[in-house]
Every structure is written in C-alpha cells, then in structure tokens.
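The following pair of complexes shares a single chain, subunit A, combined with subunit B in the former and subunit C in the latter.
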Partner chain A sequence: MDGGKVTVGRTAGLYIGAAVLRLAIFTLLPGLPDLLTGRVEISTPVTSFKRLQEGLFLYNHNVSPYDGGVYHQAPLFLPLFSLLPNALSYPIFTYLLYIAVDLLSASALWKIADSGEAGSSAQFTSPRREKRWSGFVIAAAFLLNPFTLATCIGRSTSVFTTCAILHAIAKAVSGAPFGAMVALSFASYLSMYPLLLLPPLLLLCYDRQRPDRADKSALSFAATHVPVVFGVLALLFGMSYLITGSWEFLPSTYGVQLTLSDLTPNVGLWWYFFIEMFDSFRSFFLAVFWLHLSCYVGGLTVRIRRQPLVVLTLLLGIFAIFKPYPSISDTSLFLGLVPLYRHVFPLMRYTFVIAAVILYASFLGPAFYYLWIYAGSGNANFFYAITLVWGLGQSLLVCDLMFAVLRDEWEVERPEMVGKEIRQI
Partner chain B sequence: MRQFLPFFSLSLLSFLSTTCGATSTTSDTAAADYHEQLVLRPLPQSALLASFNFRSNITVSEFEAHNFRFFPRSLGQILQHAGTRELHLRFGLGRWDSESWGARPWDGAREGGTGVELWAWLEAQSDEEADHKWLTLTNALSGLFCASLNFIDGTRTTRPVMSFQPEGDHPNTTATDTHLLYGVLPHEVVCTENLTPFLKLLPCKGKAGIATLLDGHKLFDASWQSMAIDVRPICPAGGECVLQIELTIDMVLDIDRSKRPRDNPIPRPPPGHELPCNTSKPYHSHDTCFPADHEANQDWTLSQIFGRSMKGTCPLTDSKVPPVCLQVPNSRAVYHSDGVLEKKNLDRISRCFEIKPDADFEIVLPNPRDDQENNQGAITHIVKPETPLLYAERSFTGHGQERGGMQTILRNPSPDTAVEFIYMESLPWFMRIYLHTMSARIDGQSGKDESLVKEVYYRPAVDRARATQLEVRMRVPPASTVFLTYDFEKSILRYTEYPPDANRGFDVAAAVITILNSANEAVYNLRTTTLLCSLPTPDFSMPYNVIIFTSTAIALAFGGMFNILVRRFVAADEGPEVGLAAVKAKLKGRLAVLAKRFGGAGAKKGVVEEVKPVPVADVKE
Partner chain C sequence: MPRLLSSALALRRDPRILKIPPYISLLCILVGTVWLFLLPLDEYSRRTYISENALLPGQVHTYFGGSDQNVLRAYKQEVNALVGKSNVEINDQLESIVKGLGLKTARQNFTYHAAGRTYEGENLYAILQAPRGDATEAIVLVAAWENVKHEVNRNGMPLVLTLARYFKRWSLWSKDIIILLSPDSIYGPQAWVDAYHDAHDSSHVSSLPLKSGALQGAIAIDYSQEHRFESVHIVYDGVNGQLPNLDLINSVVNIAGGQMGMGVALQEMWQHNNKYPQRLRTMLRGMLKQGLGLASGPHSSFIPYHVDAVTLRPFGEGWQDEMAMGRVVEGTFRSLNNLLEHLHQSFFFYLLMHRERFVSIGTYLPSAMLVAANFTIMAIFLWMKSGQPEPASTAPSSAESEKSAPPPTVERDLFLPLGVVTLCQFASAIPLYLFNQAPESALTPLFTTFLLINTALPFALSQFLTSFYAPSLQQYHLIKSFSLLLLGMFLSALATLNFSLAMIIGLLAAPLSFVGPFPNSPVASIICFVLLNIISPPAVLFASALYWGLDVTSVLREAAVAWHVTGTYSAVVVWCVWWPAWLAASVSVLGRPEAGHKKVKTA
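Up next, the complex of A and B:
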C-alpha cells in the first residue's frame, strides 16, 4: 500500500537524516567530540569516554583498570571497545557505534509511542488519548534533541544505558516480559540505578502480557520474572569476573556511585553538597540521599498503578535530577519520553516557566563553569547555583507532568470538571 | 714528620701497586672509623659549591651489640627497631642550575628534590609488615629530624621497581624479604630545625672540624642545598660487614650574597665607579656599562663565605684524609693561615689542606684579575664544569583548573652517545593521569616516536589511598631533545582535604631520573624541580549554606511531588475553603465568638455584683 511505503520512506529518512547529521558533525568539526567529551555536563566520572579510553589502554596493557581511580565503568565495555579499531587512529568506527546506538534507542522509542500505552494502558484509558504525536515525531524529537546530539558527539557511555532502558520499556509494551527483564538487567549492569525501575517495569509487563499466555496472579508473575533479572545480572557479573580476573570491579564501578568518592562537578546536586559536607556526617547524608532517590519508586508505583509507563517516565525524570552522577544524557532520555504525553500537555500549568528555566540553565551553566574554572572571575558557587536552578527546573517539569497525568485520571471520574478550576485538599 | 705521613700514604694509595693498595684498603675499613672532608669548588657566575662529607663505619657485630662508637645512637636504635637494612634520607632546597654549573656533585647520588625524600630497604616478610615498619620508621625519623616525615602515609609512599638500586651489599637476603619503600614530601620547608639534629649525629657535634662552618644562616641562604643521610651495609670480600653512615651536605653559595655584611644585608646597587664593566664592548663609555662576566668575581675568604673561620679539626677523624680540599686550577694563588700544609694534587685542578688539630683555618682567594696582572695571558680561574649526561626540565601545560598536561624536556648534550635512563614520577592521587595520552617525540620531528620509550611501569592512583607511580625507561639519542608529555585531570577535593592556603596550589614531587650504563647500573641521578599544581577550590565559607540550599531544593521537589500524590482533587468551589478568604472568614468568626464571650463575661460580672436577680439571658438579648 502507498501509506505503508510512505511510512517506510519517512522512517528511513529520519534515521538516515539523524545519522548523516551526526556523521557530519563528527567529520566536519573534528575537534568537537573531544571538546564535548571534556564537558562536565556531558561526561561524568562514570560515563566519560576519555576515562573509558584510559581503562581500555590499561586493560590492553595488562594493568587492571579497576586498581586505580580513573575508570569506573562496567567491565564489558572493555572487550567491546577492544574489538573496535583504536579510537584515536580510526575514530569513524566509534562514531558509527554511537550513531547506531542512538538510532536503536530512537526505534525503541518509536515502538513505545506506536503502542499507544501512554494514552491507554490496561487499566486506564485517557479521554484525551486521540490527541497524540506519532512515533515519527517522538523519535525525531529524541534524535534531534540537542542534548541527545551532544551526548552522542561527546561519546558518553550513558547512551548504552539509555538504549537498554528504552528497549526494556519497548519490550514490556510489546508483551515480551522476558526481553524487558534482560534489557533492564543490562541497563542495571551498566549504571546500577535502572534497577530501581524494576517494580513499575514489572507492572507494565504484567499489564501488557499477551492474552494467550497471561499469568493471572501478579505475585506469581513477579516471582517468575524477578529471578530473570538477577539471573542475567549474575551472568553479567560472572562474565565480568572472567574478563577482569577479580571482583575489584564491583567497588570501583558501583561503590563509587554509592559512596561518591569522585567529586568531579556535574549537573547534579550531590557533588557540591558532599564537597562541603562535614566528614562525620558524610555517610549519614549519603544514606539519606540514596534513600531519597529510591523512596519515589514505591510511592509512584502505588499511586499511579493504572499507568506504569507514567511511573517509569517520572522516575527517569527524578533520576536525572537526583542520581549521584547525572548528566544531560539522563535529561535527554526523560525529555525523549515526555512527548508521549502530548494528550495531557494542555493540563500542565507551568510549561513556559519550565522551558524558560531549562533554557536559562542550559546557556548559563557552561558560562558559569567557564568563569569558575578558566577565567577565575567566579567561584564554585556560580556553577553550583546553576545546577540548583537546573534541578529545580527539571523537578518542576516532573511535578507538572505528574499533576497533569493525575488530573487526567481524575477527570475520568468527574467528566463534568473538564476545563474547570480545581484544587487539591 | 708526623704531618708528612698522611701525604705519603695518600700518594702511595694513588701510585703504588696492588699489594700496598690492598693493605691500605683493609686498614681503611677497619681502622679508619670516621673521616670528614670539605670540598670547595668555585662555579661559574660567582657561585661556590661546598660539599661536606662525614663518614663513619661500625661493624655489624658491634652495631647489634649496641656498641655504637661513631655511629649515632639515636639513629642506630631507630634503624634496629624498624628493621631497616639501608636508609637514604634527603632534605633539599633550591634548584641546581645545570646549564651553568654543569654536572651535579657526587653524580647526583647524594641529593634529593625540594622538600624531604626518604627511601629505605626494610626487612619484612610481607607487604603489610613492611608498611607497618615503614610507619614506625617515618614517625621515628620525624621526631629525630624535626620534619613532618610522619605525613608520609599511604598516599605518598610508592614502591619503585626500576629506579633505585641498593648501594650497599646485602648478602644473605632474598628479594622477598627486603622491601623498598619510597616516600616524598615536596611541600616540606627545610630549615634550621633540620640542621641542628643533623649536626648532633656527628661525633664532634659541630664543635670542631669542618662542621663548625655549618651555620643555618648561610646554609639556608644558599641557592641550592641538599642534606643527605645514607646508611648502608658494606661487606668487603673476606672481611666483616660494616654498617656505614654517610652524612653529606652540599650547597651552592652565591658569593656576592654571602659576602654581604650581616649587619647590612639589604642589597643596594653599587656606585657607578665600582660596577665591573666589560670594557671590550664598543659602546662602553663613562655612562654605559655592560656587566662583566660573573666569573670575574671570584675573590673570597672562608670566613666571608661561611660567616666564621674553621676551628681546628675534629680529633676523632682519620688523619689520613685531608679535611679541606679546594678545586681551583693549580696555577691560581691561594693564601692560607699559618700552620697549614697545602698539597696540590696531580690532576692540576685541586689542592688539599692539612690542618693542625687546634689551629684556626682560613683561606683567601684573591681576585683573579689581580692575578692576571702578575701572570700575563688568559688563565681560567675556575675549573670548567663537567657537562652533565642529560638536561631535564619539567613543566605544566594547559590552562584552567580542570585539565592539565605535564611536559618534560630531556636533552642529551653528548654528540655521539645515547643516554638510557629511568624516569620516575610519584604523583599525588588528585592528579588523575591519562596514560593513554603519554607520548614521547624528538624535537624537530612530528608525531610520536615509539622507539624512545622502552618500558613503562605504571601503578595508577587510588583515590585517597595511593599515589600514582610511573616509571619509564627511555633512551634519548645523541645530540637530541625529547619531549615526554601526558595529560592529567585535576580533581576537586572535599573541603577538609585542602590545606589552609588552598589557592597556593599543591606541590608535586620532583621527577627522579636515573641514568644507567650498559650494565644497567646507575651512573648519574638528577631530579627536576618540584611543581605547583593548582586545583579547583570550592567556597570554603559555605558549608552551611550549601547544605541548606541543596536540602531546600530537594525538599521543594519532594514536597511538590508528595503534595500532588497524596492530596485529593476537588473543584475550586468544593470542599473546605482555603486561601486568604478562608482565613479571613475564620478569623472573623473567631473574633465574633471572642467578642461575644468578652461582652458576655463583662456583663455577667456587673450583674453578679450589682443586680443579682437579673437573669443572664436578658443581657444576651
């Protein structure tokens, strides 16, 4: 049919366009990848490509990369990147890998958008669901988002986590719980924090089971699928052990995220807090910060039980603000999922403020960082203030999206209240 | 006759055949338990190198029996307690200007970088035991030498693999039970409080002999100075092993500065007619002066340079070793005090002085310009410095407080011999070096040259636990300059980890370069200067503010979400009233009730007092 052809053409056009755009940036601006790799907004100690290269160099020269303070990334990256030709002499292969990962993420996002899960889940159907953007628009918004582009050009390894998370969700909405669990295990293996997405993802899988082999009891469903995650994780750890020959990668990759021993500045709220924290309270506040990060999982999963995809989206937004080493890559993942909720956009109250704050922080952040580190005319408080603004702007977006989704749910019970002033008691 | 005897035996040593040589060497180790010597060597640019060397021996059996004799008891007990087989301690200050001063004294073997350096071979069965003994050793030495050696902790200790070789003989030992540990404190400021305990280790305690010349004011005013303590076991073939302690002080004094009178130390420009001018310049006139070469200014006396003259000799010293030697060409006239015997050595560039035990000693070097008038023709007033095997300079590259680079320029001056050496750096953990960026290239060629670096030993730093250790075995071809570069990242620390003067920067220890000969033995050592690395700093006045601001941001986010999640939606006109209007209404109601109650109470009171029978209900109405 004609329509199908057009769609295929549009799909290919978008992917080819995005790939060509990235390749053009890589080749026409050869200094840009290294510049972006060095930016603290893009590369964190746990995702930096330069640190990956150092780890790779040590790994190839028989020095354990985990017996040092530089490399904090998952061990399986080492053989993966060892297969590629040297990134310094043949950078094109690395570029192609990163472009492919971005396109894979976009295709997963496309699948999520086309499933319509955002508008009508198993237990809830929004009256506004007809008003939505197609997968094409959502994939395009993700691929052409400057944050996604910068992450890809900066070759941050968080793109692999993004891809794994999006594939986990895509598998879940397409009724493949096993695939979803495996993808989530990969994401957790790479960055640890995606493990917190397990409860809402399980619910999403449970809701979207194929009717022919549906497991009626949620408990037995969980009991069969949670072991899959831990089994795959154990397998990955075992492979890592075989690759590195010891367990010292565990404290070096996950321990660093838990204890925040590397205080390199980033866009999050942790680094300056723990620079300035009194030594005797450091462990207490580390525990509090981690507890705070994980406390949202239970609350959101229970309160928005009827729309697990919303829970996943909101959690990804929360992680982009409050995780130990956030970067704009996490924001780009969250911003990639937000357009799925086109139908509740009219219910959001502060869209202009949010857009203004995020733009303000995106432009002023690099400027203030320059003033602190290079010009010396500002101090650390400049950049810290911008990270606060950035965090507040994003939390406003998360709150507003949450409000819009809940009001949308409420309006099903009270159809007469559509468009009316409401308040919360 | 008694004075001639040493001279005679010395010339025997240098001249006669092996039979005599063998007898004198055995007597050297057995009988001569202590000797001291000062070597003075004028250097170009009006500098003077003074090398003090004090050496004493003790047999191992006496050492183990606590019969210390010339060996300092305080140090000996520490060494025994910490199981130290060989010890090297260095206190350094300043920079050796090898471009003009040439090769280093003792081939660089008796010097350290700026600050304090300590390396020792410890007897231990395991690494943990070695660490424990090392801790004991550093803490004890810290107390003995009034230096912050106790700050040499795990983050400043490395275990060099290639750079250091034991100087002494270690029979009956295996590699597994001897551990080499190396620690360095580049920030330590060496001063008088380190010299005093140093002098106390000498048998004559600085009261007699060449040690009387060691004055803190002059020593620490030097352009470059290094104090070294070396303890090593020496086992002559067939003889009993002896433990040898060698204390060395080298300093390069600026003659102009040293001659400045103590009561008028502020430098002032000399009047015009006293300026030494180079009259050969075409533009030389009464108002134009090109400064004459510094070499010209080489007249000095011992008391001008050291602030005092030498008081006799130490009576314990081996009388066969002349206490003072001066390295100037034999043609140059040197005057000395009475009762001193001057002996010109056969190498034509040095002479030594025999001094009576109780006589003051003074030498005077007249201005060589006056000499010149007597001896017509150009003579060199000083011994031409030897060209070192390698020149090394290290500096930081890059800008900003985030990323940096290290560049070491290594120049081989020899026209025909390649130099092979080990370059060792021990960097603090907060400089995260990227080894994959390390490259070596020859000046004038583009691209890195893989053949320069032979071998790399690298042990990366662990945050707050271990320093980076980098040892590179390199080869610099003849007459070429090599650039060794790598990148590093400056990490930001917890605010309690910064020193009080955080914006001054952090000292980075000198790189140690050990030049090897074809048999892989160290023939020459040199050290680069220390560097100052500035790290990004947080605002130290803000801990409370940051805690409050961040907590507020988190509370706002959490509170906002919590509100939305737990509160019910109602229409604006449903449910209990809230907002300003509700508060107003509530307040009004309260006030009304209060007014009523007050009004009621007042009326009731009056009623009770005056008209008893009037019912309360009436008042209410």
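Up next, the complex of A and C:
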C-alpha cells in the first residue's frame, strides 16, 4: 500500500485547504480583519496588531516605539514587520506571514501527535492509548478551530508565541532538548509567561532524550539546559537593546504584564478586579495574582510527573484563564492540545456541559460587550459576568481533563476499580 | 452531607429521572407564555416615572404662539406651493427660507440600491448655533417631506421652519439645534445619521460638510393631517428593536398629556381605556414591531447610534392646533436642553402598555429566557438519552445491575451529527443571500421555488443520509441535540438584544423540541412532517403576509431594503437561526434509524 503517498497528499491538502480558507476570508471579506483586530476578545494590549502598527510607525520614524505608551510588544517584532511592505497598502504580505505561522504551529502539533507522547510517556503507558486521533485530525482540529481562525484573521501577535510554544514541545518530544530550550526562550521573549513552562518542558526533554546520548542525572541535565534558555534570552535582550537603543522596552513590555498598567477589558479575570481596587492594595493583589498563576507549575509538575506533556497542556489551559491579558488565542492553543488526549475522553464527565458553556459564553460575550460599549444599555458588569462564565467553562475543561488523566493513571495502579464510580471521601 | 450526596447520586441513576425533561421543557414554554400574558396586570407592570431629574418636563412656560401663527401660515403657503416639485427644487426653496433665518445650511446626497431599486434623494439641514454652548452637543429636529405612508408633511414642514425661526430668537439654548429636512422618512435620516457619525459608505452617501457636537436627542414631526387634532401619537420603535430611553417618552407624555392637556397614544391604539385587553394589545403590537425590527419613522435611524429619538404624529379630530404641537416640541426641547449628560438614568429595555404603564427588562426577560431554556433542556436531555444503551440490548441486565454499577455510557459517534448540523447552518447563508440580493421582480418566483424546495429538501437530505451513512437512532438524537443547543444559545443571546424577536422565534420554533424520529411508524413521521411544514419559516412568512393582507413580494422587498439601508438583522435570525433548526428537526423526523447495527461500547 502506498500509505506514504496518501499521507503526503492529505497533509498537503489540509495545509493548502487551511491556507486557502484563510486567504479567502482575508480577501473576500476585506472589512473583517480590521473588525476582528479591534475586538477585545482577540486583541489584548500586549498582542494587538493595531498597536503594533503604531509602534512600527514610530520605529520607522526613528522615535522610540515605546513613547506614547501604546505599544507593549517585544522590540524584535519591529524589524520583522518593517521588512514587510506596509500593511495598509500591501496587506497580502502580512496575511501570508500569519497564515504561514499558523501552518507552522499546525505542523508542530502534528509532530507532537505522531510521537504518541500523550498516550505513552517514558514513565507511564496508558492502557487506552490505542484509541487516538492521528496527527492529521489534530492538526485539522487546530487549523479549523474558529478561535484559531479568528486569531489569525485578527492578526494578533500571540500566534507567534503559540507557534514557539508548540515548536518547543515538538522539539522536546522528538528528542532535541537544545531546540526546545531555544524555542521556549523565543516564546518567553515574546510573551513572558511561557517561561513558567520551563520545569515541565525540562522534564519532557529529559524523558525523551535520545538513548545514544542520554544524560542519566536529571540535575546535570537541568544544569546544562537551563543556562541555554537564559543565554538565548540574554542574546535576544541584547539584540532588542541594539534595536531600540535603550532598556526602555523592559518596563514597557514585561512591566506592563507584571503591573497590569493597561486596564483595557479582555476575556480574562484581572481587568475588572483591578479597575475596582483601591490603589493601596494594588501591589499586594498583583503579587497574589501572579503567585496564584505560577503556583500551579510546581504542584502539577510534581503530581503528574509521569506525564510531562499533560502538565504542559493543563498549564496552558490555566494560563488561558488566569494570565493578565488572555485572549481567545490562548484558548485556541489549549484546545489544540486537548484532542491529543482522545484516549481519556471517555473518562471525562462534563464534556457536553463544557462545550455548551464555552459556546454560550462565546456568543453572549460579544452580545454583552455590544450592549455595554455600543448600545450603552448595559454596563461593564454584563461583560465581566460573561468572562466569568468563559473562565468557568475553561476551568471545567482543565479540571475534567486532569480528572480523566489521573483516573487513567489510577486505574493502572488499581485494576480492580476499572469502570467503578469513585467518590472522594 | 455525604448521605445527601449519595442519595442525589442514586437519584441520578434512576431511569425515571430521564423521563422528566420533556415535561420540564413543556412547562418552561407554558410558564414563559403565561408570564407574558400576566405582564399587563397591575401587579406586574409599573407606573412610569421621570428618572432623570434634570429633565424637569413641563416645568417651563412655553411662549410659542401669538404672532408665530402668522409666520406659520406664511410658511404653509410656501410649502403648499412646493408640493409635487422635485426634491432639488423643494430643497432650493427651503434652503433660501432657512438661510433667511440666519442659520448655516448644508445639503447631502444619498443613493441606496436594494431589491433592484434605487432610492436616492438629497437632505437639507441647518445648524442653529447655541448662544450659550460650545458646539459640543446638539439636539435634532427632523421633518421629512413624506411620512412612511408617503403623505406629504403639509403641516410638519412649516411648523419646523416656524420653530427654527422661533428658537433662533431665544438666548437660552446651551446645545446646538440641528434642523434636518429630509425627502423621505427612512432613507434620508438614515443617510444623514450614518454620515454624521462617519459610519457611511462614501460611494453611496456623501459626507456632511457641516457638523456640530454629539447628538443628545432627536424629535421628528410627522404632521400630515390638514385639520386640528386631538392627541399625539408617539412612535418610538428603533431599528432592530432598539428603544429610546424611557425618560424621553415620559417627558413627551408629561408635556403633551400633562401640561398641554392633549391625549397621548402609543402603537396606533387610538382609543385606550387602560384596561387589561387594551394594555395587552398595546404591548403585543409593540413586541411585534420590535421583533420585525423595521424603521418606523425618521427617528428610527437615530436610535442605533445611541441618540434617543421619537416621532410625534398628531391624530384625531379635536381643538388642538399647530401652535399646541409647537409648544409640545418647545417644551421637550427645553427639557433636553437642561440635560447635563446623555439620557442614561431610565430604562432602555421596556415594554409600554399604556402611556403611563410599563414593564422593565427584569420582569419580562424571564419569559423569553424560559422559552430559550426549553431548547437547552431538551438538548441536554437528548444528549443524555444518546448516551444510554439502546433499550433492547440492556433489557435483561437492567434489573439486576440497577444497584451495583452506573449505567454504562455508550460511546457517541459525533462526526455525522456535527456534520449535519454544520451543513444546515452553512446552507442557511443561501436563502439569506438570495432574498437579500434578488431584484424585486424575481422575488415572487424565487419565493415560490424556495417554498417547494424547502418542502422537498428534508426528504432529499434524509434519503441521502439513510442511503450513504445509515445513521443510528443515537445519531438522530445527537443531530436534534446539537441543533437545539445552538437554537437555545442563539435565542438566549438574542433575547438580550431584541427580546421580542427572540420570543417570537422561540415560540414559533417551540414545537421543534418535541418531534423526533418515529422508527416504527412511517405514517406518523409523515403526519408529523406535514405539521412541521405548517410552521416552516417560509410557510409562516406566507401565512402572516396573508393575515395582514400584504403580498409576499412587498414583505420580502421591505426586508431586503431594511437589510441594505438600515441594517435590520431580523432576516439573519429567520434564515440563519430558525431555518437551520427547522431543517435539522425535519430531517430527524423523517429519519429511519438503523437499529442494532452498531457496536455498543462501554466506557
């Protein structure tokens, strides 16, 4: 059987289909990209394409892009986008760049799926691993996900972070720890929060080392690879310094994320809280919120030590809910990784509820935002209520997936309990 | 607590629990409908009140009258001489009059293409700069040359000119006053408001050469009757069911009804005794208008831009003259002039049932939400049902295993149902596109063809599914489940934007909750399908056109024009929310599920 040929044909078909679909939306609905760019669900202060244009304009006119306090993204975007022709007169080049980034992310996801890491890691092999979706299905689910599509059409710069994270994981599962570390440094450089993925990613790299050059000691493995991340980050910072001529970019990009100085509404849970807060409590709650976000890393990494990819997936889900400036792009990344766990889907208990909650929230969100901002007949509480529902839907998914994975592990330890109902005592 | 939990868990396993949801669902619809009919009662509705204290309606002495009557008569002569002339000639003459008053004037051209017709014209407008203001805010006085019934605004036009002359003499205005004279009641104001907010398509609607500040309110006068009047009819429905702030309506009611002593009517209820049947009728008329979402006068286009606006239309035989009407406008403008901020205090979502009686969103929304919830309940029920093993395969074991293990959940096959529902949703773009783009002459044949295809389509789709995929009963349940879930979701989101439309569509689609495949009786499924066809979107469209004595072509033309000009989205709701749900339900009614061919897997 010429399975190879068929696969190649299908691969090309999927990529071409996804690219054509995106290009068709870009060209047939010329008003849509700008409309989506303005949506708070897609563009946050740290990923907005509009703000990037502003920074680019300042950069091209030899003014510091961080003057004016609009641009909060990494400095290296500026030389990249100033290489492209002007996005207003020749938008097609920008479109092609974003489409290419989406396809690269999908190919990384495909590699992760084909590695089978989700079903059988170095320390744990799920008895259900046979029931899984191929890389084709998973890449298709990612590429055709409306959230991914909307992010791509809205030209949010978070697609670059998504791509870097997926490549870091893909490199890790294919036994290239050095590449994984470099990709993670890029992701962290662009959005900062991926740095929190370092511990589980290190474990994943450690577990998936090539046998011929395996480093036996975890400590020495970490000691050789953590410096890579910081080395690459230092290099990127140095380049940024050379480009912008000052260290101003550090407070304007990472500082904004750390201190939440821009309170533009988004789908996350921070903005409303910090709008309502008295200034004297601000720094305390900033610390609490960041501590809350980062405390999952240690706990999950230790508890699900045997399946580091699960930890990465769950963490991405948690970040999509609790990070300071989340958007549907983070959700699309999480939803892209969830189908890898097809084998534990039968163990999940609330799939229908989760799907319904996420669907309802994604329709009611824009409706309530419209009532608040345009019709003037609602207020900020309407939209915030929906972001709470949205967060609830995602956290249900995170919890349910975690439950299913832990139950899967538990059934290996306790074969007599397979299929029985369990209850916490 | 643990005992409670375990008994709750035991209850969850009880097979009887699965029988309940359809009844809950039916109960939701019944309660939702009854709720609606309770609203006009005194216990559920409220008296209106002025919420914004700055308005002070009816507190000022109005001076319009006296010698202004002579001015009005003179303008009436001028306007009567213009009847029958072209738009440009009329505007030339009116512009010279307005210029003579010392106001800045400007004109604006617009052209709309819809349903194969062209609607064009030229707006004339003038700005009276506020002696005490800084041109940051403005109020608009609109008079359209023709009202929505194409009667010439014989008294309204001269009245607006007289008022402009009168207002110019006063030094107390703190907001600019814009006089807008448009050739018709829908397209002209729409073009003007779009251009005022720079939201126009400049290839069809030209930009405004002259602008003032943010619009705070607008009053349109539609005074086409020649003789004296008895009462004022307040038209307040905006495009897509949006409403002006209730304070504006209350102010007008207060000034016209209280200060001037004239009658006030709403929703073409010329007589209103404030009893239950009249209240109910007023409310239902309001809901129907809101649901249709069409523009009902020159004021309608203002409301989507968050500019509160009403049209005032005198009617009846009485002793009130044009001067009284002018004093109503003067009083209202004095109130609006007092505003320190945009009207925001009072309600934006309400149903009026009498000029002094209303219900607010908190009271009426539950009825639409209950109707929408019925679909969600049925969707969850069908999902649970699809997870149950088919009765035949578990009948022997069910008795003994009731206590020991939870019922095994059958693996669900999601791809086919998801595909069918997605296909139905995407197919809905076709009728939407066709009916919005077709020229007027093609609308009737198109509608007839669509009606026929629509009847045959479920058969074809069902035959296609049966012969190629042989769906199981579970998959039919899932098709229904997903389509009802989507319907419930769309309707509950819609209920927050346009309550009436969500309620109407919800009630019309309610039977879809309760129909399903009849595996053993083809006759029953045919009967059910015939019944379903009676409530199909095109059939309902046809029947309601017959009922109101309209022909379908004009209804479709109006819908297409409303879509292109005012952006009414009711057609989207009919074709992209209701129709796909109907199609999915019809397919599942006609379905012939293959029993027993699929593997029952336990999780």
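As a working rule, the second predicted complex is superposed on the first by the 423 of 425 C-alpha atoms of A that agree within 3 Å, B and C clash if a C-alpha of one lies under 4 Å from a C-alpha of the other, contacts with A are read in each partner's own complex, and residues count from 1 in each chain.
In the analysis below, a contact is a pair of C-beta atoms (placed from the backbone, for glycine too) under 8 Å apart; a residue touches a chain by one contact, two chains touch by 3 or more.
What you see is a predicted model, and the numbers here were worked out from it, not measured in a lab.
Looking at the overlay, what does A:276 touch: subunit B (first), subunit C (second), both, or neither?
First partner only.
Please indicate which partner A:374 is in contact with in the superposed arrangement: first for subunit B, second for subunit C, both, or neither.
Both partners, subunit B and subunit C.
When the two structures are overlaid on chain A, which partner does A:360 contact: first (subunit B), second (subunit C), both, or neither?
Touch partner of A:360: subunit C, not subunit B.
Touching A:321, do we find subunit B (first), subunit C (second), both, or neither?
First partner only, subunit B.
If we overlay the two complexes on their shared chain A, which of subunit B and subunit C does A:114 touch? Say first, second, both or neither.
neither
In the superposed arrangement, does A:34 touch subunit B (first), subunit C (second), both or neither?
A:34: touches no partner chain.
For A:352, select first, second, both or neither according to whether it touches subunit B, subunit C, the two together, or no partner.
After superposition on chain A, A:352 lies in contact with subunit C alone.
Scan A:421 for contacts with subunit B and subunit C and give back first, second, both or neither.
both
Shared contact residues on subunit A for subunit B and subunit C?
Looking at subunit A, the two contact sets intersect at 374, 376, 420-421, 423, 425.
Name, in rising order, each residue of subunit A that touches subunit B in their complex.
Residues in contact with subunit B: 38, 40, 50, 53-54, 56-58, 61, 63, 67-70, 261-265, 269, 271-279, 292, 296, 299-300, 303, 318, 321-322, 372-374, 376, 379-381, 384, 388, 391-392, 395-396, 398-399, 402-403, 406-407, 410, 414, 417, 420-425.
Hey, which residues of subunit C end up touching subunit A in the complex?
Its residues touching subunit A are 2, 5-6, 9, 242, 306, 342, 344, 348-349, 376, 379-380, 383, 405-406, 408-409, 411, 485-486, 489-490, 492-494, 496-497, 602-603.
How about subunit A: which of its residues touch subunit C in the complex?
346-347, 352, 356, 359-360, 363-364, 367-368, 370-371, 374-378, 419-421, 423, 425
Considering only the defined contacts, which subunit B positions touch subunit A in the complex?
On the subunit B side, the touching residues are 399-403, 429, 432, 434-436, 456, 458-464, 491-496, 536-539, 542-543, 546-547, 549-550, 553-554, 556-558, 560-572, 575-576, 578.
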